[in-house]
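In what comes next, chain A is part of two complexes: it sits with chain B in the first one and with chain C in the second one.
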Partner chain A sequence: MTRVELKGITKRFNTTEVIKGVDLLIERGEFFTLLGPSGCGKSTLLNIVAGLEEPTTGSIYFDDRDVTALSPPKRDVAMVFQTYALYPHMSVFENIAFPLRVRKEGQDTVEREVRRVAALVGLERHLSKRPSQLSGGERQRVALARAIVRRPRVFLMDEPLSNLDARLRIIMRTELKRLHRELAITTIYVTHDQEEAMSLSDRVAVFHAGTIQQCAPAMELYRRPANLFVARFIGSPPMNIVEAKVLSQRPAVIDMCGMTIELPATVVAEEGVLAGIRPEDVELSTRAAPAMAEAVVDVAEPVGVYQLLEIVYNGLRLMVRTEMEDIRAGDRVYFRPIAERIHLFNPVTERRL
Partner chain B sequence: MSDGAKRLLNGFILLAVILWSVAPFVWQVITSFKPSTELATLPPLLPTHPTLENYMSVFSDRPFGRIILNSLVVASFTTIFSLLTGSLAGFALSVLRPRGGYIFLGFVLTVSMFPPISTVSPLYIIMRELGLRDTLFALVVTYTTFSLPLTIWILTNFFRSIPRELYLSARVDGCSNFQIFYRIFLPVAGPGLFATAILVFIFAWNEFLFALTFTSTVRARTVPVEIALFPGVHEMPWAEIAAASVIVTVPVVLLVFLFQKRIIEGLTAGAIKR
Partner chain C sequence: MRQKGEGYGFIVPAALVLLFVTIYPLVYVFWLSLHRKHLIFQISRFSGLENYLFLLQDERFLRALWNTIYFTVVSVGLELTLGLLFALVLQGAFATRGVVRALVLLPWALPTVVSARMWEWMYNTDFGIINYLLGVDVNWLGSPFWALNAAIVMDVWKTTPFVALILMAGLQVIPRELYQSAMVDGAGSLYIFLRITLPMLKPVILVALLFRTIDAFRVFDAIYVLTGGGPANTTETLSIYAYKVLFQTLQFGYGSAIAMVVFLCVGFISVFYVRLLSR
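Up next, the complex of A and B:
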C-alpha cells in the first residue's frame, strides 16, 4: 500500500493553465475520487500521477519518495481507461497477461496469476476470446483484470464506467467497491458522476477550473459544501439556490420571498445571502399547518420511491422531494424548509457562511 | 426510370469501364498466344492456332529467368526497407509527436514532388562514384528513397487512427516505446502495412527510368528494362514482348486479387469510425 502526495502541481498547455496549484495527500489504501465536470483538468491530473504527463511545476511523492522524474513503468501504477484500451489483436488471456509478459514473468506465474484475477472479476469462461467478441461490461472487466494482475502500488481509473449503460454501471460500481475492499490498493478514481463518486469513495476532491474546490469524505461534501460550486454539483436533483435578506444576525433570521425563517444560532449571516435548500430538506404537507407556507405544484415527476415536485410560492420556484404519491400538478401544498439544513453562502465570494 | 432499367444502365456503364481499362491487357494476352504469321493481321481477332512458342522463346532465347529474379530481389528488399523505415517514422510522427513533426511530414512530401527525370543524372553520377553501377543494391536504395514518402504518409495516418489510449495503456503496463511499437502498433496496423507493402512492391516492380540508367548487364537488369530491350535491329518481336509482359503482370494481379480484402481494409482504415 502506498501513500500518494501531490505538492504544488500546475500544468500549462501552451498558454492555458489547466491545473492551477494542487496539493493532495491520499492515504494508504484509500479510495480517493477526483470529481468534476468534463474539461476541468481531472484527467490531466491523473495522467500526471501516472507519469504520462509531466507537471509544469510541483512534485509527486509515493511514500515520501519523489517520483516526479520517473517514467510510468518505474512508478508501478496501473491504469484503467474510459475506452478500456484493450489490445485488439490479443486474446483476453493475453491482454490480462500483458503486463506480466512485459516484466518477463515465467509461464507458470503468468498462467496462475491470470487465472486468479480472471476468477476475481468473473472472466474464466472468456479467456480465449478476442476483445471484439465481448460486451461492454466484459471488456471493462478485462481492463480491470489487466490492471489488478500486477498488484500495482497505485490504481488509477479514468472514468472507467462512463461507457457502460446505466444498469451495468451500478453493477460494476458495486463490484469495484468489493474489489477495492479485497485488494486494499490505494486507488485514485476520476469521474464526472457525483453519485458514482459518493457511493465509491472514502474521500472526494471536487475539481473545477483547475483547482480543488473541496476535499472531504463524501457525506461531508453533501452536508457541508464549502462553496456554491460544490453545493450545486453534489446532490441530485441539485440544490435550490435562493436569494435571501438577513433580518437579524443573532439570532439569525432570514427572509426568503416573504417567508421568514429562523436559523440555528450558530449561523452568522451578513446582509444579503444565498440560501441553499436541498429538495430533500423541505417539509411538505397537504394540510395547512403553522409556520408552513402555501404553494402550488407546477410540475410533478414520479420517479418510483419518491416524487419530484416543482412548487411555486410567491414567485419562488423550488424543487422538492416527497414520498407522498397522491400529489398532482395544480394541487395546493404547504411547505417549510428545514432550518437546520439550510446552507448559506456569501453571494460575492460564493463561500459557505 | 424503373429499377430494372437503372440496373441495366449501371451494368452497362460498369462493363464499359472494365472494357476500357482491361482491353489493352486482354489484347496483350491474345497477342502472346498468336503465332508470328497472325501477328500483324486482323482478322482473326483470336489466334487460329494458339501457341506457347512465344513464352518458350522468352525463356530460351533470353536470360529472362535471371531478370525476373533480379526484379523480385529488388522489389522485395525495397518493400522491406521501405516498410521498416516508414513504419518507424510513422510511429514516431503519429504517436510520439516530436516537435516539428508536421514540418518533417511536409518536407518528406516535397521529396516525392521531384520528377524522377530531374534526379536521374546526379544519382547516376553518385552511383558511379560509389561503384554501385549495375548492382541491385543501387536500385534498392533509390527505390526505397522514392517510395518512403508514400510509406511514411500512409503509415503515419494509419498509426494515428489507432486510439491513443492503447499507447498510454501500454506505457503504464511497462512497455518501452520500442516495445509498444512492435508488440502493439505493428500487429494492430497489420492491414495498413500490407496495403502499403503491395503499393511499394508494385512501384519497384514496374520502375523503368532508374533501372534503365543504373544497369547495363544481366547482373542487375530488371524486367521492364529487359522487355524494352527486346526489339532487335531489324525486327520487332511483338509476340514475345506480349508474352513477357503477361508473365510479369500475372503474379502482381494475382497478389492483389488474393489480398484484395486486406488491401481495401488497409486503405480505408481510419476513414470511418470503427
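Up next, the complex of A and C:
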C-alpha cells in the first residue's frame, strides 16, 4: 500500500492553465475520487500521477519518495481507461497477461496469475475470446483484471464505468467496491458522476476550473458543501438555490420571496444571501397547516419510490421530493423548507456561511 | 409491392459496363492468345496452346518474368520498410508536420514520365549528379547489373510516399490509450512497436502491399522511359516485353499470351492478399 502526495501541481498547455495548484494527500489503501464536470482537468491530473503527462510545476510523492521525474513504467501504477484500451488483436488471456509478459514472468506464473485474477472478476469462461466478442461489461472486467494482475502500488481509474449502461454501471460499482476491499490497494478514481463518487469513495475531491473546491468524505460534501459549486454539483436532483434577505441576525431570520424562515444558527452576513435547499429537505402536505406556504404543482415526475415535483410559489420554482404518490400536476400543496437543513452562501464569494 | 427479381434490374447497368470494359477485352485477349496471328505476314490461324508452350522455351520471356519478380520483391520490400519508417517519424507531433507531409508526397505527385526523365539525367554517366556526388564514373543505365537496380531506386523514391501515406492513416486510427496503457504497464517503445503497433497495423500493411505488389508487377512506364528495357533486355519486364511483342512486332497471338500470364500472376497475388486480409 502506498501513500500518494501531490504538492503544488500546476499544468499549462500553451497558454491555458488546466490545473492551478493542487495539493492532495491520499492515504494508504484509500479509495479516493476526483469528481468534476468534463473538461475540469481531472483526467489530466490522473495522467500526471501516472506519468503520462508532466506537471508544469509541483511534485508527486509515493510514500515520501519523489517520483515526478520517473517514467510511467517505473512508477508501478496500473491504469484503467474509459475506453478500456484493450488490445484488439490479443485474446482476453493475453490482454490480462500483458503486464506480466512485459516483466518477462515465466509461463507458469503467467498462467497461474491470469487464471486467479480472471476468477476474481468472473472471466474464466472468456479467456480464449477476443475483446470484440465480449459485452461492454465484460470488456470492463478485462481492463480491471489487467490492472489487478500487476499488484500495482496504486490503481488509477479514468471514468472506468462511463461507457456502460445504467444497470451495468451499478453492478460494476458494487464489484469495484468489493475488489477494493479485498485488494486494499490505494485507488485514485476519476468520474463526473457524483452518485458514483459518493457510493464508492472514502473521500472525494470536487474539482472545478483547475482547482479543488472541496475535499472531504462523501457524506460531508453532501451535508456541508463548502461553496455554491459543490452544493450544486453534489446531489441529484440538484439543490435549489434561492435568493434571500436577512431580516435579523439574532435570532436569524431570512425572507425568501415573502416567506419568513427562522434559522437555528446565527447568520453573520450581509443583507442578501443565497439559500440552498435540497429537494428532500422540504416538508410537504396536501392540507393547509400553520407556517406552511401554499404552492401549485407545475410538473410531477414519478421515479418509483418517490416523486419529483416542481412547485411554484409566488414566482419561486422549487424542486421537491416526496413519497406521496397521489399528487398530480396542477394540484395545490403546502410546503415548508426544513430550517435546520438550509445551507447559506455568500452571493459574492459563493462560500458557505 | 416489390417485384420478384426487381433487384437484378438495378445491377444491369453496372454489369453491362463491366461486361464491355473488362470481361469482353479479357475474353478477347484470351481468344487471341490461342491463335498464331502475325499482322505483318497476314497470318491468322487457331493454334491452341502452342503460344503458351512456346513461352516455356522463350528465354527472353523467362528473363522478363525473373526481372519482374526481382523488381517487385525488392522495390516493394524497400518501399514498405522505408514507408513504415517515414510514417512513424511523421506521426510524431511537431510544428511543421503539415509542410513535411506535403513535401514527402511530392515524388508521388509527379507524373511517372517526368520523374523517369529526371532520373535518367541524374544517372547520366558524364553529366549526372549521382556520379558527381559519389565521385565515380559508373554507366548506371548501361550496365546490365546496375540498370534494373537503378530503376528500383527510382521506383522506391517515387512510391515510398504512397506507402507512407497509407500507413500513416493506419497509425492514426490506433487509439492513444493503447500506447498509454502499455506504457503504464511497463512496456518500452520497441516492445510496444512489436507487440502493439505492428499487429494493429497489419491490415493496413496488407492493403499497402496489395496495391504496391500489383502495381510493381505490372510496371511499365517507369522502366520503359528510363531504359526502354535495355541494355540487352536486362531491364525488360513482362509488361514491356508484351508491349514490344504486341505493338512493335505486331504478333497479336503471342503478345496476348504474355499479357495473359501477367493477368494470371496479378490475379493470384490479389487472391492471396485478399485471403490474408479477410482472415
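Worth a mention:
In this section, the second predicted complex is superposed on the first by the 350 of 353 C-alpha atoms of A that agree within 3 Å, B and C clash if a C-alpha of one lies under 4 Å from a C-alpha of the other, contacts with A are read in each partner's own complex, and residues count from 1 in each chain.
Throughout what follows, a residue touches a chain if its C-beta (ideal position, glycine included) is under 8 Å from a C-beta of that chain, and two chains touch if they have at least 3 such contacts.
Because the structure is predicted, anything quoted here is derived from the model rather than measured.
Considered on the superposed chain A, chain B and chain C are sterically incompatible, since they clash. Residue contacts after overlaying the shared chain place A:H126 against neither chain B nor chain C. When the two structures are aligned on the shared chain, A:R278 is found in touch with neither chain B nor chain C.
In the superposition on chain A, contact of A:R139 is made with neither chain B nor chain C. In the overlay built on the shared chain, the residue A:P88 is in contact with chain B and with chain C. In the superposition on chain A, the residues of chain A touched by chain B in one structure and by chain C in the other are 47, 50-52, 71-73, 77-79, 81, 83, 85, 87-89, 98-99, 102-103, 146, 150, 156. Every residue of chain B that touches chain A in the complex is listed here, in rising order: 163, 165-166, 168-176, 179, 184, 187-188, 190. Listing the residues of chain A that touch chain C in their complex gives 47, 50-52, 71-73, 75, 77-79, 81, 83, 85, 87-89, 98-99, 102-103, 146, 150, 156.
Every residue of chain C that touches chain A in the complex is listed here, in rising order: 175, 177-178, 180-188, 191, 195-196, 199-200, 202. Note for the complex: chain A touches chain B at residues 47, 50-52, 71-73, 77-79, 81-85, 87-89, 98-99, 102-103, 146, 150, 156.
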